[in-house]
Amino acid sequence: MARFVCFGEILLRLSAPVGELLLQTPSVRTHVGGAEANVAVSLAKFGHDARVVSALPDNALGHAARDELRRNGVDTNAVHFGAGRMGLYFLTPGAGRRAADIVYDRAQSAFASAPAFDWKSILNGADWLHVSGITPALNRATADAALNAMRAARATGVKVSFDANFRVKLWEARGDDPRPTLDAFFAEADLMFADARDIALVTGERASTPEDAARIAFARYPSLHRIAATERKVLSADDNEIGGVMVTRSSVTRTASHAVTGIVDRIGGGDAFAAGLLHGLANGGGDQQILDFAVGAAVLKHYIAGDFNLSTAGDVDFYLSQSGVDVRR
Amino acid sequence: MARFVCFGEILLRLSAPVGELLLQTPSVRTHVGGAEANVAVSLAKFGHDARVVSALPDNALGHAARDELRRNGVDTNAVHFGAGRMGLYFLTPGAGRRAADIVYDRAQSAFASAPAFDWKSILNGADWLHVSGITPALNRATADAALNAMRAARATGVKVSFDANFRVKLWEARGDDPRPTLDAFFAEADLMFADARDIALVTGERASTPEDAARIAFARYPSLHRIAATERKVLSADDNEIGGVMVTRSSVTRTASHAVTGIVDRIGGGDAFAAGLLHGLANGGGDQQILDFAVGAAVLKHYIAGDFNLSTAGDVDFYLSQSGVDVRR
Amino acid sequence: MARFVCFGEILLRLSAPVGELLLQTPSVRTHVGGAEANVAVSLAKFGHDARVVSALPDNALGHAARDELRRNGVDTNAVHFGAGRMGLYFLTPGAGRRAADIVYDRAQSAFASAPAFDWKSILNGADWLHVSGITPALNRATADAALNAMRAARATGVKVSFDANFRVKLWEARGDDPRPTLDAFFAEADLMFADARDIALVTGERASTPEDAARIAFARYPSLHRIAATERKVLSADDNEIGGVMVTRSSVTRTASHAVTGIVDRIGGGDAFAAGLLHGLANGGGDQQILDFAVGAAVLKHYIAGDFNLSTAGDVDFYLSQSGVDVRR
Amino acid sequence: MARFVCFGEILLRLSAPVGELLLQTPSVRTHVGGAEANVAVSLAKFGHDARVVSALPDNALGHAARDELRRNGVDTNAVHFGAGRMGLYFLTPGAGRRAADIVYDRAQSAFASAPAFDWKSILNGADWLHVSGITPALNRATADAALNAMRAARATGVKVSFDANFRVKLWEARGDDPRPTLDAFFAEADLMFADARDIALVTGERASTPEDAARIAFARYPSLHRIAATERKVLSADDNEIGGVMVTRSSVTRTASHAVTGIVDRIGGGDAFAAGLLHGLANGGGDQQILDFAVGAAVLKHYIAGDFNLSTAGDVDFYLSQSGVDVRR
Amino acid sequence: MARFVCFGEILLRLSAPVGELLLQTPSVRTHVGGAEANVAVSLAKFGHDARVVSALPDNALGHAARDELRRNGVDTNAVHFGAGRMGLYFLTPGAGRRAADIVYDRAQSAFASAPAFDWKSILNGADWLHVSGITPALNRATADAALNAMRAARATGVKVSFDANFRVKLWEARGDDPRPTLDAFFAEADLMFADARDIALVTGERASTPEDAARIAFARYPSLHRIAATERKVLSADDNEIGGVMVTRSSVTRTASHAVTGIVDRIGGGDAFAAGLLHGLANGGGDQQILDFAVGAAVLKHYIAGDFNLSTAGDVDFYLSQSGVDVRR
Amino acid sequence: MARFVCFGEILLRLSAPVGELLLQTPSVRTHVGGAEANVAVSLAKFGHDARVVSALPDNALGHAARDELRRNGVDTNAVHFGAGRMGLYFLTPGAGRRAADIVYDRAQSAFASAPAFDWKSILNGADWLHVSGITPALNRATADAALNAMRAARATGVKVSFDANFRVKLWEARGDDPRPTLDAFFAEADLMFADARDIALVTGERASTPEDAARIAFARYPSLHRIAATERKVLSADDNEIGGVMVTRSSVTRTASHAVTGIVDRIGGGDAFAAGLLHGLANGGGDQQILDFAVGAAVLKHYIAGDFNLSTAGDVDFYLSQSGVDVRR
């Protein structure tokens, strides 16, 4: 069991029923999510000590979001309650050949005001800090806050995991050039979740393979030790293929491609992968085993409603051990 | 049949299931509402030509809100689609001795940016403009927009109906003194929905009865011809008593008190009263008949889920004609 | 345990959710009902052998209606499947001061074509035949069919129970004078569920009390031995008061008035009363006990969704034995 | 933007929940539909002026059906409210290898009585009249009414679109030979949605390809300019392949076959195709672009619950531009 | 039409909503099931006289389970109500690559106490007795009861059908060696549902094909005339391939493999196969036709929520006659 | 803020929808509860440090129950996961004149096996231990476990709160005389929730008032300092009146009677009272204020679905400060 600290915004998702467009009927289903919270929940389900650092409004919405994390075993003592709104997003789930659609409504959130955190105390005893590229995409204050957190971690020997999670819409809304900011973030990471496109965006150097992209990144960011990414092929909204690739300064690991048919909920698949990989790194084991576990976790997430991967490590192992998936009785 | 123009913000309500606190379970029911939209829907159900003038975001939420008005027969051609969010409010419905609770989340809405409307064209052919005190409580721009609309109406012979709808939380959030603004609004109204407390707030003169309060208002606002209000006694969240009072410069009319037990949805009762009264004024008839109809409309609203009173004039007449309410078969 | 045969139309109810108008939202809840089927289900729940004789369409709707009776222990072997539609009715449940509303859609039903039944075989071994005034109100063929059934019963010593159930809308739709038809029905009954208004309608003689009305009926219909009725005061859609009165040629029995507050489903209350009374007559006991049981059954029906009274005799006895109604644990 | 008039019956669909047989559980979901209303809704969503001409019962069901069209932007001023029932159909949705099943319950509907319409006024300013083969299949009166409408359109220069929509069960129920009637309909169409089977049925001449069938039709019907059809391969209830073919007097156009896996709701796919094609013809563009759009529209309909294609033109364009369908965020 | 007696435990299933883990949200859907009850319901739907012999608790749960069988046409007169709990199982339905999961909670059930039944009277007039390997796996008393029933059947010329249904978890919980017990069961069967693995387990002789396994069984059990089994390939939780094989002492019959994609509910597929085969044997016809019907029945079960196959024989025939499965209208 | 330790069984409630009998339709709603867990949740909502000590099965049901406590802020580190079932109870909620009904299914639960707890460590730092009379009613082992806990508490200066919660059905099922056992429990309590009936049962001395009953108890149990109880009048299943009485060795305190109309969920009202009183004692203040708060908490519980009182102290204060309960906006 390791100790993880995850810093980022917690969102409330409001989604239309399956097969309907948003507000086609007057029912909305809610879920709590957010890239970093998703990672924290999955790590807690895997048996780790996972803490979320964030800010929420001091009202029924904020309390409910905190409660949902707590329910799943996440330590929420470092969640700040203050002014600002609850960050929301409205999801029309995709179906078959109809793509899912998201309306973000997260401006002016409690997290966007980036309250100060006592990182020294919060990171005390932690093994990893996990941050994602969504936080710097919100505004300058949240970007600074995340960078501060990463630097505080490095200063105290806590390893830093960074998921690039590049969202062009958020950067456009922010109206700023993502490159210098993300460059600073890349420089602080020990472990990075990023693909060749992300690395090309930030470094300006294009590569045709993950290995080549990793080589560019390793050359530029001396602290960086490991880069991982899923490789996803989207056949339809409910039929994907997912594999994983992980590159270190000395090795490349790949998994088989997993057929992900009959998808229930696509959101949070990448976060499940990140959590799976962090779990593997914390537990030890070979790179192949670590990466297989991470991809297995990502696959299972697609079959659970909501943003969170509620699978246990046992569930992932069971999935990986099976060719088919008959009833467990 | 008369023509009504209603100007104000359209909101999306997200409410918890009956008997639950907000997000106690992950289901949320949506309704479209807003004080002035509620009046417009009720007037359309009564057979009038009702138009809503408002601004909505150009996304799935805004379109759905427009569609819901259209569904109920309201003319939405003067609804502007533009930048900004959808105004939201989260409702925990009350039950018995537990009060309902509202979390407003309407800041930065499309309506709050107060786009310009071509009032001359919009008001062409209208009999009444209806505005409420919620619009000036949002910000200076919306206050100015509403005042402009009222003045444009008066200038072209369209009568002005104003529902004071004083909301202390909104004025506190705006951080401004409501009195001078509302004073200007009161001055433009032909018909005003206000009680003694509202009149005292704006004029600074306290009165112990609706009659006395009306006398103060009539003295101060020469254009004002008629003041009406419900008198509500709240016994529990689902048990109220409601009566109405209407004062003109020459008369006072009152209704019996109606026992409103087993309430389904309290929101929009006052708007149903306003629509009922406007319907009565448009259709003619004696003051007692008009006020009884308005109170009957308000009563029926309490038994329909959502912000809208979907009752027809026939439903209200049926209710008023009955001592009890057995199955209509 | 006695054997009852109930003859009449089986309907499918489609109702709006509580607190909503019909099709306000796109969810409809279905129930199976029909005055005589309701009586049969209640008798089966009380432990009797209850058979329904009816006609249903030979499609998924007809089969489902039959299955629902079967589920509740009713013998459906004498249900005929043939041409015609499923009789439907759409219900907007009432709430508080808003009355329930019904849209009937039962024309051209499989039952309306009145297929022939082998009454001799069907009534073999039965103690009672139960028929209601809804059947003659449908059309001449169904009226004849019901009269035939009653006469066949009398011919073989099966007692006849007739619930007047006068429905003015159905007779208007039929476009016929109900009086001569119902007069013939009244003449065949041993037991009749009717109030002074029903008796006045058919006999043309008005009476101010149940006793006087019964005297008129007993004078005119020599076979008639017993008349019973509920006395209902409708305070609101969910708050009624109910008592019962039963008159024989030699006695008058009354119950206390029961406060029926917080009603869940008003439909079928009269049928529950009829079944309760038939149960009492079959089981023996004094008139007061029989009538109290019938009213208790009617009361409990108001607290069960759907047309059927699913209470057992034990439930009714428990209710009658209690002043209040705390949790049974 | 063009103006379309669509004439036909509006139906209320009552469907079982996904994965259940009809009335397996007591929940039914309602949708409004009807071949021509479906076309009108889709055209309104594409930004056109779409009017439905129909007849509905003057009760809660008829009003709700009208409201649902209004909600989606369709002009319902030419909908007549009168006597008769609401046309219904009960749907058991298919699943996998279990076919969907429909129980029609539309006899004696308000539309079946074929009230007279003032076609001159209704068609004033219209570009297209759209009619389908369902209307003549109901009864002689509705067949005559539709033919009158088509002839009135031709007389005033409004183009006529006819969707053959041949339904053998309806013609059997009507008990009449469809051929002479449909022959008269085919003769009035400028644009026809029909496949080789439809054309063979009416003309008595069989053809093995759409091109040959079209040649037969063009030879026989001088007014006919364009014939289009989908080509559908049904692999399972939720897995189809769909392509389109369009033939003019001088050209043949085909689309690629689209894999339509994970279907949500199959009803209305053909109507979505018709609306897509009418949209393309109204907007101009090459035949390939028009037909691709029509097929794209048909594909997206399969992923939206209900009879209506609620996709915008932008949604169709987005679908056509994508190889896969990842989340739009 | 034949008469079948099915002896075994009736269970109440509580399942999570589709796409959710158990209790992820607070809604649970209930179904009634049990291997032998499932067979009985299917046989009743196919038009046979099917009786269930079982024991249930005399409370609301037990009554509801009985009612659900009755609803579907099963004779429940031989169901005993007595002490003990309702047997429960909690199901997390699988989805895609996530396997379904079951938590059994059936210990101490009313059935587990194995009340005595008057088999002579119960089996009077029956053609078949059907028993499954679940009953002996519960405890010694239930094993003895089932063996008694089989022997009573043989003694009176009622044929015996036995579905091996080997459940390792139940035998582990019982803490006993299944072999001697099952050997005694195998010895009493005329018809056995078992695959090579089951036969190897009991006989200790391994075979690589169904034919070889059958040869072993026929050699050992002289009363055995017919062995059948499905051959299932599990590609994912909602994508299987199913075929059937049936071996007699003189013949081997196989079906094509059926693609079972888009599965709704996997539970009860084997019981549907058994009922289909018993139906075929009772109705006569060739072995190929019988086995095809049985596999068709098993396939359709996968598309109906719950444990029961609610398909009629007509539905199975329709499925088998179709290459695809378009809407039946 | 004080520290509370609550020891007792955690149950899963499965309840029928409002207005329905159990399994009338196949939907069940789940809640987590248990007398002591209810107290713990309420104390956590009031801002205290509340820990539950219990035993749950190590499966999906047990984990979900733990998670629900965790969600509401309760410390679950001392919850033991082991063998045995999840304790269940099935609830048919009452309505109006129909009483609620409970089917317990808690035998053989994980808690019933009474695993050993390290009380010294668990109670370290605690202010209060709370136990209820349900635990000794289960079996001798749980009775001993609870008594051990109380004695361990007294030994280390932790105050003991005991809620008599006498359940005759449980004691009957246990088949033992409750008196000697409860006498030992009464002897360990500092604070006892009990009424005159409870005290008479255990002491054998009847008293006609709470004051007299308390005098008897104080005389017999030297450690006892305070006795409190609600006084409830049950008018109907959704209409009660509730007051409170609290007696110390020197004083008697009473509250006004609160009208509790329109009840949503009656379960857990007594536990909410207990938690409210413990909160008051922990926070200090006069007896009247403490008792008013406890009754206010009990009242609010009746308006929240589920066993838990999710009200905050602010909610209770708001309720107590209001004469009516209008919308909080």
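Read from first to last, the chains carry the letters A, B, C, D, E and F; within each, the first residue is number 1.
The rule is simple: a contact is a pair of C-beta atoms (placed from the backbone, for glycine too) under 8 Å apart; a residue touches a chain by one contact, two chains touch by 3 or more.
What you are looking at is a predicted structure, and each value in this text was computed from that prediction instead of being measured.
Undergrad: Shortest hop count from subunit A to subunit F along touching chains?
TA: So the least number of steps between the two chains is 1.
Undergrad: Any idea what the CA-fit rotation angle from subunit A to subunit E is, to the nearest 5 degrees?
TA: It is a rotation of 120 degrees, to the nearest 5.
Undergrad: Could you tell me which of B-C, A-F or E-F has an interface matching D-E, in the sense that over half of the contact pairs are shared by residue number?
TA: Duplicate interface of D-E: B-C.
Undergrad: Write down the chain pair with more C-beta contact pairs when C-F is set against A-B.
TA: C-F is joined by more C-beta pairs in contact.
Undergrad: Compute the distance, rounded to whole Å, between the mean C-alpha positions of subunit B and subunit E.
TA: Comparing mean C-alpha positions, subunit E is 62 Å from subunit B.
Undergrad: Roughly how many whole angstrom separate the Cα centroids of subunit C and subunit E?
TA: Centres of subunit C and subunit E (C-alpha means) sit 41 Å apart.
Undergrad: Go ahead and note the Å separation of the Cα centroids belonging to subunit C and subunit D.
TA: About 45 Å, centre to centre.
Undergrad: Can you tell me which residues of subunit B touch two or more of the remaining chains?
TA: 18, 21, 26, 101, 262
Undergrad: Quick one: do these chains touch in a line, a ring, a star, all-to-all (complete), or other?
TA: Contact map by chain: complete.
Undergrad: Any idea which subunit F residues touch subunit C in the complex?
TA: Residues in contact with subunit C: 17-21, 24, 94-102, 104, 167, 169, 232-239, 262, 266-267.
Undergrad: Once bound in the complex, which stretches of subunit F touch subunit D?
TA: 25-26
Undergrad: Touching subunit A in the complex: which residues of subunit B?
TA: It comes out as residues 14, 21-23, 26-31, 59-61, 64, 85-86, 90, 92, 101, 103, 105, 107-108.
Undergrad: In the complex of these two chains, what residues of subunit C are touching subunit E?
TA: Subunit C residues touching subunit E: 67-68, 70-73.
Undergrad: If we count contacts the way the header does, which residues on subunit C are in touch with subunit F in the complex?
TA: Its residues touching subunit F are 18, 258-265, 299-300, 302-306, 310-311, 315, 318-319, 322, 324-329.
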